[in-house]
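Once you've had a glance at the structure underneath, I'll fire off some questions.
Note that the chains take the letters A, B, C and D in the order they are written out, and that residue 1 is the start of every chain.
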Amino acid sequence: MTGFVMRRIMMVFPVMGFVALFVFLLLHLGPGDPAAIIAGDHATPEKLAEIRAAHNLDQPIPWQFMTWIAHVLHGDLGTSLLSGLPVTTLIASRLEPTLVLAFLTLAFSTAVALPLGALAACKRDGIIDKLATGYCVLGTSVPFFVVAYFLVLVFAIELRLLPVQGYPDAADGFGNLLLHLVLPVATLSVPVIALVTRTVKTALLDVLSEDHVRTARAKGISEASVIVFHGLRNAALPIVTVLGNIFALLIGGVVVTESIFNLPGIGRLTVDAVLARDYPIVQGIILLAGAAHVLLNLAVDLLYLKFDPRVRYQ
Amino acid sequence: MSQPLLQLHGLSASQRDGRKLGRPVLKDVSLHLDKGETLCVVGRSGAGKSLTALAVMGLMPPRDMAITGGAIRLQGEDLLNANPKRLRQLRGPRMAMVFQEPMTALNPLMTIGRQIEETLAGHGVTARRERAIEMLKRVGLSGAARFHAAFPHELSGGQRQRAMIAMALILKPLLLIADEPTTALDVLTQKQILGLLRELTAEAGTAIVYITHDMGVVADIADRVAVMHHGRILETGAAADVLAHPQCAVTRALIAAGTDISVKPQNKNLSGEPVLTVEGLVKTYEAGKSLRRNGETIGAVRGISLSLRSGRTLGIIGETGSGKTTIARSIMRLTDPDSGTIHVGGTELTALSGLRLKPYRKKVQIVFQDPYRSLNPRRTIGQSISEGPCNYGLCRKTARERAQRLLTLVGLTEDVIDLYPHQFSGGERQRIALARALALEPLALIADEPVSALDMATQATVLQLLRDIQEKTGVAIMLITHDLRVAAQMCDDIALLRAGRIVESGSAAQLFSAPQTAYARALLNALPGRPAKHDNKRRASG
Amino acid sequence: MSPRNALHMLSIRSWYRPMSLPRGMTAASVSAAAVLAAIAALAFFAPFIAPHDPTFVAPTVRLQSADQTYLLGTDSFGRDLLSRLIYGGQVSLLIGLGTAVLATAAGMLLGLTAGYFRAADSLIMRAMDAMMAIPSILLAIAIVSLWGASLQSVLFAVAISETPRVARLARSLTLTARSELYVEAAQTLGTSPFQILWRHVIPNALGPLIVLGTYICASAIILESILSFLGTGIDPQIPTWGNIIAEGRMYIEIKPSLVLWPSLFLTVTVWALHILGDTTRDRLDPKALTRKMADQ
Amino acid sequence: MLSMSFRQGGASLTAFALILLTFFAAKSDGSAMADEQKTIRAVMHAALRVTDPLATTAYITRNYGYMIYDTLLGTDENFKIQPQMASWSVSGDKRTYTFQLREGLTWHDGSPVTAEDCIASIKRWAERDTLGQRLMEEAKSLEAIDGRTFQLTLKRPVGFVLQAFAKLSPYPLFMMPKRIAEMPFGTPVTDYTGSGPFRFVADEFKPGVKAVFEKNENYVPRDEPPSWTAGGKHVKVDRVEWIVMPDAKMQVNALRAGEIDMVEHTPFDLLPLIEADARIMIRAIDPFGSQIMGRMNFLHPPFDDAEVRRAALLALNQKDFLQALVGNPAYYRECAAMFICGTPLETDIGGQTLLNDTMEEARAALAASDYDGAPVVILQPTDVGVVKTHPIVAAQLLSDAGFTVDAQPMDWQAVVSRRASQKPPEEGGWNMFFTIWNATDLLNPLVNHALNGRGTSGAWFGWPDDPKLEEYRMAYAAAVSDDARKAIAKDMQKYAYDQVIALPLGQFLPQTAWRRSLSGVQDSPIPLFWGLSKN
């Protein structure tokens, strides 16, 4: 088991290496002079020379990569071209809203999707199943960012139940903060609920068609126990795996949602940085997002290890 | 007691697709079973045996199957009209079921103990842990506490099936339905499990419905027998009567296939030259990649030497995991052996690979166990058969003509050449696979469990075909099987394999008449339906 | 044999029936196919169908309501909304299909290589893991902003972020196929590795890959609309549904049709692709494939 | 695993319940927060990113400068120059200017403002600002007399010393502490110490999200009533937050919901949504507004040819540009005056074709020219609302006239960097771009960047090399009477139109919308936050 854990943990390094390589190559394989891209709009020749020197752009590419990696390993992701602040500081100051939004969305979506998917799987072709199936397709088809405007129109402008936008300081009242996040979470949940519901339903159907569920029924235990202890419990791992994969979707949604609802998170930082050609920020964010995703997958796999005795055994 | 314990009256069922009813799968099935009685339901696969059992338990998949008529009564109580709650109350204390695949039938994420206790909890029994451990002891799992905390994958097949039985019998049901509980197990384990079932049910007076396709088992345990075919009961009666005086052809075929060993007559062709020689073959698997069972690496081969002569059939016999298939795969170079030599027609193969190996590949060919997976579903059988010759440069037209000839040779017609595999039955596919192997005109043919996926009647015809082909072409055959009856019918020579080593080898006649080793004797004894010749029946079951 | 195994056999047989009867056809799948055909026809014959030049700017007739000249009204530049919607289908479908083809081709190449040649496996798959770890939107907006906001770079950006999914599926299908007996049989028949890939592995992996392709097509269309929405997509002058939504969002209260129509087109198209993918998947294999796809 | 999924479900359920609970809690005492602090939340026209007022001409950075820095002199609403930090006296020979800082001026860190600080600030400013450069060329010395007095001595008398010191825009002369003023250019200014009426809250600064200012309690305002940058800068609120809201629709939504107090530039198309709203006030606080300006590149074909430029001028008409950007004629004005309509220098001479549809003439002119069909590369920003419509309109009109147009989409930052390239279009250069000028920056030949004719060495992007323009500028600077200045400006405009130096494509009035809870909103070309109060 420890061998497996070690091997799994060791796997993180090559993957992260590749992530770093891609992020690095993104700048270097694209058309145009990397220095010009980094320099952005203030591209005086002196500035370019300065940037070339600072980023070792006159060195051979592998060497550049190595030095860049060395900087990254020391926690140095460079400084923003526009504001002059360290990229790490900028990212750190923007993490909270994104994490809160992502977590609440995941929590809310799971809370809705788990029972919905389970009901759909248990009562196949029933009315709930039909509605849920319809929603699963529609929820991922509809451009959810359009939904945001209608939610705002109805709940914030017409009914005045909820705030339109913004991310107040949590110190000024956690309730107030949550209130501001209701609409963003609802928006972002549109596709996420669809995906999770679909996952839950598929996973549960899979498990419920397995032989051991029939065995459980043959024991004469209640149907609820069968569904919960033999169905959902066994379906939990595949569901968690997919939840790990939803990360990417969530990040994508967060970028859009933050722009609409004016949440000062990573997503807006990214869009701003991209529009402003603030390349070090873009690079830093992609690298960190990649790292987060890799670690998340590691966590999911280790969770497997903890909860699936078969994996543990090998 | 005047009324029978279980009575099925005119039970009919059909497949369904949504609201539409499809093909009928059970037709007017009537059965009855008295308290303490053992009824064997026999039939080929697809005969409706398992469905009948599931219908009794109320576990028929409601989306796929629908009961269209008849009645099922347990102690007079109408099960078909019982509400789900009542059915749940009955399952466990009144009726229980043991399934075929103990691996998939157990929840892989739950300890054995909890799965047993769940039955108890479902019916409001207390002191569950104690009772579960007690039951585990009774099914012969010594060190019951350890098994109580174990997960299914940590157990061997036999142990799992014991755990299944513990689960089924813990509430002392009146009726136990056992659906091919030993089919997935080795003969030795099968014998033990049968003994255990008998013992435990005898104590509690539990009646058994035992579903099997093996008449040997019927002979061993049945009080009465019901033969099913295409969803119908063909005949029922006392076991002894049916075995002795079968009324219909299906029954006779089943009996013929299942009850006794008929040893092949001596092959006169003693002088066949060796076409394939294996010396000191070793193949072990890395710990991380193999399936491990009780700490022992399975499937490994630890120093095998054998030789195959043209015109003769060598049987490699062993239980699951004894390394039979590894030998075949090593010879075919589907896996690379760790050490040892393989000579084909005088050339050593283990040192060759890639293109240099190609000229020798055609000299040995293989027929796999599973005819459903060994043919590419997207290629016509003509393409499949001529693939080999084409690889060796035969032009398409010639290869196609050869394919047609071979199709006739294996007992099919030429005009099927452009059909796809799914349009054939299992037996026919195995014939096609055989034709494909023969297309390269090999010196030696390895047949890896060629008939174990087929039902008894088909088995016989395919085996006959193999014999005929050997007679016509003089090809040397290495027949890999776990089935002693098959081996006896087919083989001139036998190598008995256990845990990667040959424990006994020699002529078939000698092995079957006078086995030298204790292991060989035990195997022969364990064959169901055979009168105990070499050992005491009671002891073997203990 | 237990009924489950019997069913399993049944399903294997029907799985391999080469694209036969309309068994999985439902009302939904028929209407989905019809919708796609209609959208594709609109896009393809746009020059003959569209009443106006979709890029013709006429600020004096901006934000017109629907009338006889402008059947759905005009946008804030006075361009005809209906024509933009019709032409928008061209780009959206092009992005969808192009991405699907590119990603499927690249992913298949990588996945087959990884699955069949063990030596390349871990290298390729770690690279794919890494690519998959980078959230596709971030990757796409970075590529588009670095390489310029052209159709090609959007196409490339979206395709590159979808490739690992295909590679993973292709690899696992290859691994499955590799362990298939008919592949081993081919090996013993002296068939070379490339022939095995071509004759035995690829044809059997194609079905699931096509299914994944339809999903990729759908998600590429959505991704394009998100990029456009963020202002990091294709030239806003070029009509894509995403661009039309992005430009119209300000007018959602004043002239909702500017958002609702493109959203409707987008939704319906993506919906149809999903339905089509689901139907094909269900037809290929009711169970095993679902699980495999869900893992992607 | 089970417990795990339950726990997760439980957590989310709890969270959801919390949301609901707090929802009602927050509803019941929604007004409680208001009394704590008076904060004005304003959505400005752009995000503050650069905090060095001399690093960019971006208006938002200039406006930021007015918040935290003070100026030596101010300009009032009659364009009269008034003392602000300092009063001045001029020697009889008009060659010596003495500036006396008033009492009580302190930096945000508490230290007093000294003459040395001012001198350092002036020197820094003069490095960047063109007017400043000219001033320094004329200056003999700039010296401190004592802690609060300094003197500027000129080589010869010039008329623009006070105009330069009181300059509204671009690059106003802000006073910085010496330590900051002496830092080399390029070093980001992260020490936000000024002496202005507000102080910058560095901790809460999130570039692209919000910038926060606090009332500078130690600021001593002048006694005169406030008027533009002159007079007493009385701060009547505790905080000002500049909020960046990328989505225009949401700005209006937030204003309607009362979550923000002001939108500096409300999207014109959305004004109907709030016009009828009694809680909201809408007005153009900048009386002159802005001008859309198109610019050609004089270095490369086809616009190195005046004939082709004239054909392009004929193809364009202001109405299309204004319609696309603004829509409602109430907020725009077709105006061919290069020095802005409503000013003394207003005239439409030379530019009448911009006010009419002269497409036929354009086609004829183009056909008669040497234009060979080479593509006209137009830089087309796609992200910033106020500049993204013009290239689209221009592309349409130019191609109607027969030009081959290659509109290249990019974000505004890319336009900003690309327009600086003097290379040919195919090597990353350009032929045409569009921008918006605040009218105050165009008011006369001296400040109007577009009419600078110093070529690649000093002209604005596009680099017309036209000594005649410089002659006009010199003459204007030297002119003594208003009439003379008017005449020169008229001639210059006529000449500029003839050579198609700049393309004024219409004037419009950005509309500022604010909640009526704000009072004291001043009309001014610079958004002013002093004098504003909130209840």
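Operating definition for what follows: contacts are C-beta pairs under 8 Å (C-beta built on N, C-alpha and C of every residue); 3 or more make two chains touch, one makes a residue touch a chain.
Quick caveat: nothing in here was measured; it's all calculated off a predicted structure.
Compared on C-beta pairs in contact, B-C and A-C come out with A-C as the pair having more. The mean-CA centres of chain C and chain D are about 45 angstrom from one another, to the nearest whole unit. Mean C-alpha positions place chain A and chain C at a centre distance of 21 Å. For this pair, chain A with chain B, the centres built from the Cα atoms lie 48 Å apart. Among the residues of chain B, those in touch with two or more other chains are 99, 101, 109. With touch defined as above, residues shared between interfaces to two or more other chains in chain A number as follows: 149, 153, 211, 229, 233, 259, 271, 274-275, 277, 307-308. Across the assembly, chain C contributes 145, 148, 231-232, 249, 252-253 as residues in contact with two or more other chains. Going by the touch rule set out above, the chain pairs that meet are A-B, A-C, A-D, B-C, C-D.
On the side of chain B, the complex with chain C involves touching residues 45-46, 50-51, 54, 61, 64-65, 99-101, 179-180, 332, 334, 358, 361-362, 364-366, 368-370, 372-379, 384, 387-388, 391-392, 420-422, 433, 436, 440.
Chain B meets chain A in the complex at residues 18, 57, 59, 63, 84, 87-93, 96-97, 99, 101, 104-110, 118-119, 121-123, 151, 153-154, 164, 167-168, 288.
Against chain A, the residues of chain D that register as touching in their complex are 1-2, 4-5, 8-9, 11-13, 15-16, 18-19, 21-23, 25-26, 33, 47, 49-51, 186, 188, 190, 206-210, 243-247, 249-250, 253-254, 256-257, 259, 383, 411-414, 416-417, 420.
For chain D in complex with chain C, the residues that touch the partner chain are 247-249, 267, 269-270, 272-273, 319-324, 327, 380, 382-383, 388-389, 392-393, 395-396, 407, 409-411.
Put simply, chain C touches chain B in their complex at residues 1-3, 5-7, 9, 12-18, 180-182, 184-192, 195, 199-200, 203-204.
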